[in-house]
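Each of the next two complexes has chain A plus one more chain, namely chain B in the first and chain C in the second.
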Partner chain A sequence: MTPGIDTAASNRPLWLRILFAAEATRAALWPERFSPATAWAFLVPAILVVFVLVAGMGYMVDASLRELDRSTFMLSDDYSFANYATVLDRSFYWHIIGRTVAAAVIVTVITLVLAFPYAYAMARTPSAATRKLLLIGLFLPFFIGQVVRAYGWLIVLGQEGLLNSGLAWLGLDAIKLIYTYTGVLIGLVQYMLPFAVLMLAPAVTAVPEEVELASGSLGANWFATLWHVLLPMAKPGLVAAGVVVFTLTITDFAMPEIMGGGTNDFIASAIYDGYFSISEPGLGSALAVLLVLLASTLVAVIFAFVGVGTLGYTKRLER
Partner chain B sequence: MVRLDGVTKRFGTVTAAEDVSFALHQGEFLTILGPSGSGKTTVLRMIAGFMQPTAGTILLGGRPVSELPPHRRSIGMVFQRLALFPHMTAAGNIAYPLKMRGFPRAEIPKRVERFLALVQLHGLGDRRINELSGGQQQRVAIARALSFEPDLLLLDEPLASLDRKLREDMQLEFRRIQQELGVATINVTHDQREALVMSDRVIVMDGGRVQQAAAPQDAYRQPANRFVAGFIGVTNFLACTVLEAHDGEAEVEIGDHRCAGRSAAGGEAVGRTADAALRAEQVLIGEAGQAIAHADMLVPATVTEVIFEGDRVVYAVDAPTLGGASLRIFDHDPLHHKTRRIGETVTIGWKRRDLMVFPRDA
Partner chain C sequence: MSRPSARALFVWTIVWFNLVFLALPTVVVIIASFTAGNIVAFPPDGLSLRWYASLFETDSYTDAFLRSLYVAVICTVISLPVGTLAAIAMARYRLRLAGPIQVYLLLPFTIPLIVSGLGMMLVFGEIRILGQLWPVGFAACAINLPFMIWAVAASVNNLDTDLENAAANCGAPPLVTFVTVTLPAVMPGVITGGLLMFILAFNEFIVSLMLVDARIVTLPVLVYNSIRSVITPDLAAIAVVYIVVALVTIWVLDRLVGLEVFLKSK
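What follows is the complex of A and B.
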């Protein structure tokens, strides 16, 4: 055998020879000197998807600037801010925007308050069985889907539903939750909870238990430990979960449709109506653009306030 | 200051600590030394209040503390992984217990400065934790544990993760700070060197039980049993049979040799199997077939391993007449002694009082 020469090549099994042939083809088509570009090449599919979305947004902005011509029911050829003026002029739309933003804020706060103990229990429980149970409880709703869950709520919260039957049995008055704002919020919180827990759990796990014990031994009771140590250290997860819940809520369509039954529309419903009910694509587009602006501005404000560092994009200062 | 009376901790069927009793006086530095799983950390956590004893009482300043949660005990603790608060500065960490324990607002900055100076971090108070080196983080951790002047300081192996040089520096530094403040301290470690260097007193634990409580020199010179003799220092154990035992002396048979040694055993040990223990540095090496100065026992042996470590040479030798035992020997004066070669035939010897006899349990 000659040193340095691979004489075993002819003895390779077929699958290895196929692999080597594939590798040789790759080397011919994509030489080593291209390798710095390889990592970037993997970004191409993602960039294409984003590009298509941006192009769609472009069309939407274009449509939002054209007024509907009532004589032809076509969008006008010349640009104006008429659609935006209409939106901002009608108190009807202001109500919807206000209702949506308020819901996003309330749902975000309530969801984080409920999700934190859940994530904490999942991270800290010493029992593997308990952790599994909590995980199943977390993922089960994902398998069901939002629409089915909303109908589930109708069964539970409806006029003749489980809740009111229970109240009647206890001799109490029935509560009207279906087709109310409260009903929509309950449905949304339940929908958002798993997302929030999923994003909080790693953040809580990243806080060593020793740090909590240390805080206790230094004189802090459990609330002081939560406030001064646990929450600040879990901040990245709280911000990430908050942003996700906030944006999902502010853009939500199904929950206000089903649980609100048309009485508590969000912006997304108004956009849908703009396109399909009143057939004013210009107006719908204007609303859509306003929603995007509103959501991105609020998220930008949050990040400006707490820093993008909470998403993990910090330069580490380790020595 | 601190007293443990018959403290026992069980987790289900596992006993982590059994009947642990000791007392600690003002200003004393006590080390609980033991391998992992010996129950030393369990004892420390019970004193800190993170877990409750299954049986027994813990007294702090004469008061039973079973009902007291950690934040109501006057105990400062330095954790294994330090557990500093990364979202605060060094000064913020040191001020934390002062705020939590309701120190007057005006006093806090002065105290923080004082303790920064005590641990030699003057001017580094504004640094974030991740901007400090490993040794500096250790200093912040100890300053944080001491800034509220607790009655008791607990150290849960905080030095274990440091490299050797830094660890040895920090051992002396912790000792200096502890003596300067005169705070009673309990240190937990598996590092026998650390225990000997830092402590006024050492408690050796194994299998959840206290094996020996003694001053470092005494634990080293007069180990209470085979475990302590093996855990502190490097010790050779030779299987032997007890021929006679009385008045702190024992006569044993090791292989083909009869020899005498120190032993706490009495007449009941006669005829039983025992372990004869010889510290690696107490075995002497001489020329084959010749006597060794100061040695009472002489045994022929063959060198099987020679490791030069600079300040000492570590030998392994086979002694066929000692029941075929292999012994480890330290020569702490290699510059003045002949270095042996592998395969060389030598004589090994020891002083009668250096041999310790521990009868095995029946």
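What follows is the complex of A and C.
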């Protein structure tokens, strides 16, 4: 049998015959004159899948505009901003919002500081084995999931955990990290680190080593090169990593719930409680809409000032 | 030479700190899972495999594990065609409205997971599919779709369009070109994206928490509920199951595509 596409149908292998049958079906259903719209046809399934989230958002906005009628415990029929007024009026919610935003800032800064040298080492190490080890060290926690990692941290930092057993063995006092803000932050930084490194690594790899050498041979020490050459050139990666870590932290639920144990709730916990604990879906929805506005405003501001970084799907749209 | 050594000291100190920091909970969980005692303690109260035995004897654990597997398979099966086609459309064709579509397709990422979860709970309730398991897999696909699109788009950007033109010039019709030229070229991205979608759905917690009830609880939700009551070593054994699944996924990813693909820029 001749290799490749033979014009004689009888000589074609089975898979090619199936493929040509499919091609005929395609030609009947999607003739050539439709071809300018092919890209749109490719996009339709993804647009529909994502539309479920948009529809869900619509339901949340709708619920946020309806006040709970305390006589029937149903949401009212007419719209008002009463739930938003209630959220903005309660210092309890302001406190939670402040705690969440502060955590997002702290976690983003610490994570980027830790992630950059890791990405740099992966990009520059001459040893393939070292690179592989660093990648596995990154992917293993990334692929384990937040709940299981939080459980691991409970065992490390808990009252009877590894850290306190070690301190007791040394004759030192126990440190209380579980159910504290610090504990939540530790868990969050560890959770975000793989995301940050994976967003940064391509940007750092893209900086040619020659640039670094040139800077060095012109008399800059490595820290000056880092500050004036490496970090500015890796900016798209830093932006992408920073935005990802910030938005994931500001919206996180599991880590504050498990590591904070109810003492250090973030906005997501307050939204959850609105629905399932105090049964005020309108209030929870209003808080959810505020969280979306808060997160997307911050992201939009960052994108407006420094571009989308490496977050885009295409090359063309990046600045 | 003091310059390279200052750099090496700075970089490798932080790298070693990170490695320990990243691995610590994993290593500790593995040690804790082999304890013979009834509580998690350090050093462990003797060694045994009793907590692993209890996993296989407890139906709620094995059932939840199988449900999570089912959710991950559903998510992957939906994501593969949906994400691949979208990525090819975004990266390969010149689209009008490419900017707004890009923003729209990044929505799963910009809408907080708690909001997506509650929103889908309301939508699924409205169309009466809440309480079934397959919508949980669909939900995992919806919230993680950008990962699939990114993975494939990275491969599409490496695709040489001259190859497609050559195939067309030689008389290959569009679908044949797509299957024999385009698809093989983007296959590394498809495999990477598919594995990411699988493992992310297998681990998915917060959205599942909104969408499952006691009858169809998935493994991460079960672990979460157990953590909230009492921390027993059987959870450590479950955690080791997760570690094993993660290691297998990494191994497959490395064999088929190579982990180094994540270092390449688009």
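We adopt the following convention: the second predicted complex is superposed on the first by the 295 of 319 C-alpha atoms of A that agree within 3 Å, B and C clash if a C-alpha of one lies under 4 Å from a C-alpha of the other, contacts with A are read in each partner's own complex, and residues count from 1 in each chain.
Going forward, contacts are C-beta pairs under 8 Å (C-beta built on N, C-alpha and C of every residue); 3 or more make two chains touch, one makes a residue touch a chain.
All values reported here derive from a predicted model rather than from experimental measurement.
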(request) Report for A:221: first if it touches chain B alone, second if chain C alone, otherwise both or neither. (result) both
(message) Looking at A:97 after the superposition, I want to know if it touches chain B, chain C, both of them or none. Which is it: first, second, both, neither?
(response) neither
(request) Could you say whether A:57 touches chain B, chain C, both of them, or neither, answering first, second, both or neither? (result) second
(request) Once the structures are superposed on A, label A:239 by its partner contacts, choosing first (chain B), second (chain C), both or neither. (result) neither
(request) Identify the partner contact of A:122: answer first if only chain B is touched, second if only chain C is, both if each is, neither if none is. (result) second
(message) As a test of reading the superposition: which chain, chain B or chain C, is in touch with more residues of chain A?
(response) C
(message) Looking at A:229, would you say it contacts chain B, chain C, both, or neither? Reply first, second, both or neither.
(response) first
(message) One more residue to check, A:211. First (chain B), second (chain C), both or neither?
(response) first
(request) Based on the superposed arrangement, let me know which partner A:178 touches: chain B (first), chain C (second), both, or neither? (result) neither
(request) Once the two structures are superposed, pull the chain A residues common to the chain B and chain C interfaces. (result) 216, 221, 316-317
(request) Would you tell me which residues of chain A are touching chain B in their complex? (result) 208, 210-211, 213-221, 224, 228-229, 232-233, 235, 316-319
(message) List the residues on chain B that touch chain A in their complex, please.
(response) 48-50, 69-71, 73, 75-77, 79-81, 83-87, 96-97, 100-101, 128, 130-131, 133, 144-145, 148
(message) For the complex, give me every residue of chain C touching chain A.
(response) 3-4, 6-7, 10-12, 14-15, 17-19, 21-26, 28-29, 32, 39-43, 78, 81-83, 85-93, 95, 98-99, 101-102, 104-116, 118-123, 126, 138-139, 141-143, 145, 149-150, 153, 157, 170-176, 179-180, 199, 202-206, 220, 223-224, 227, 231, 235-236, 238-239, 242-243, 245-247, 249-250, 253-254, 259-260, 262-266
(request) Write out the stretch or stretches of chain A touching chain C in their complex. (result) 5, 19-20, 22-23, 26-27, 32, 35, 38-40, 42-43, 45-47, 49-50, 52-60, 63, 114, 117-118, 120-123, 131-132, 134-141, 143-156, 158, 160-162, 165-166, 189-190, 193-194, 198, 201-203, 205-206, 216, 221-223, 247, 250-251, 253-254, 257-258, 268, 271-272, 275, 284-285, 288, 291-292, 295-296, 299, 310-317
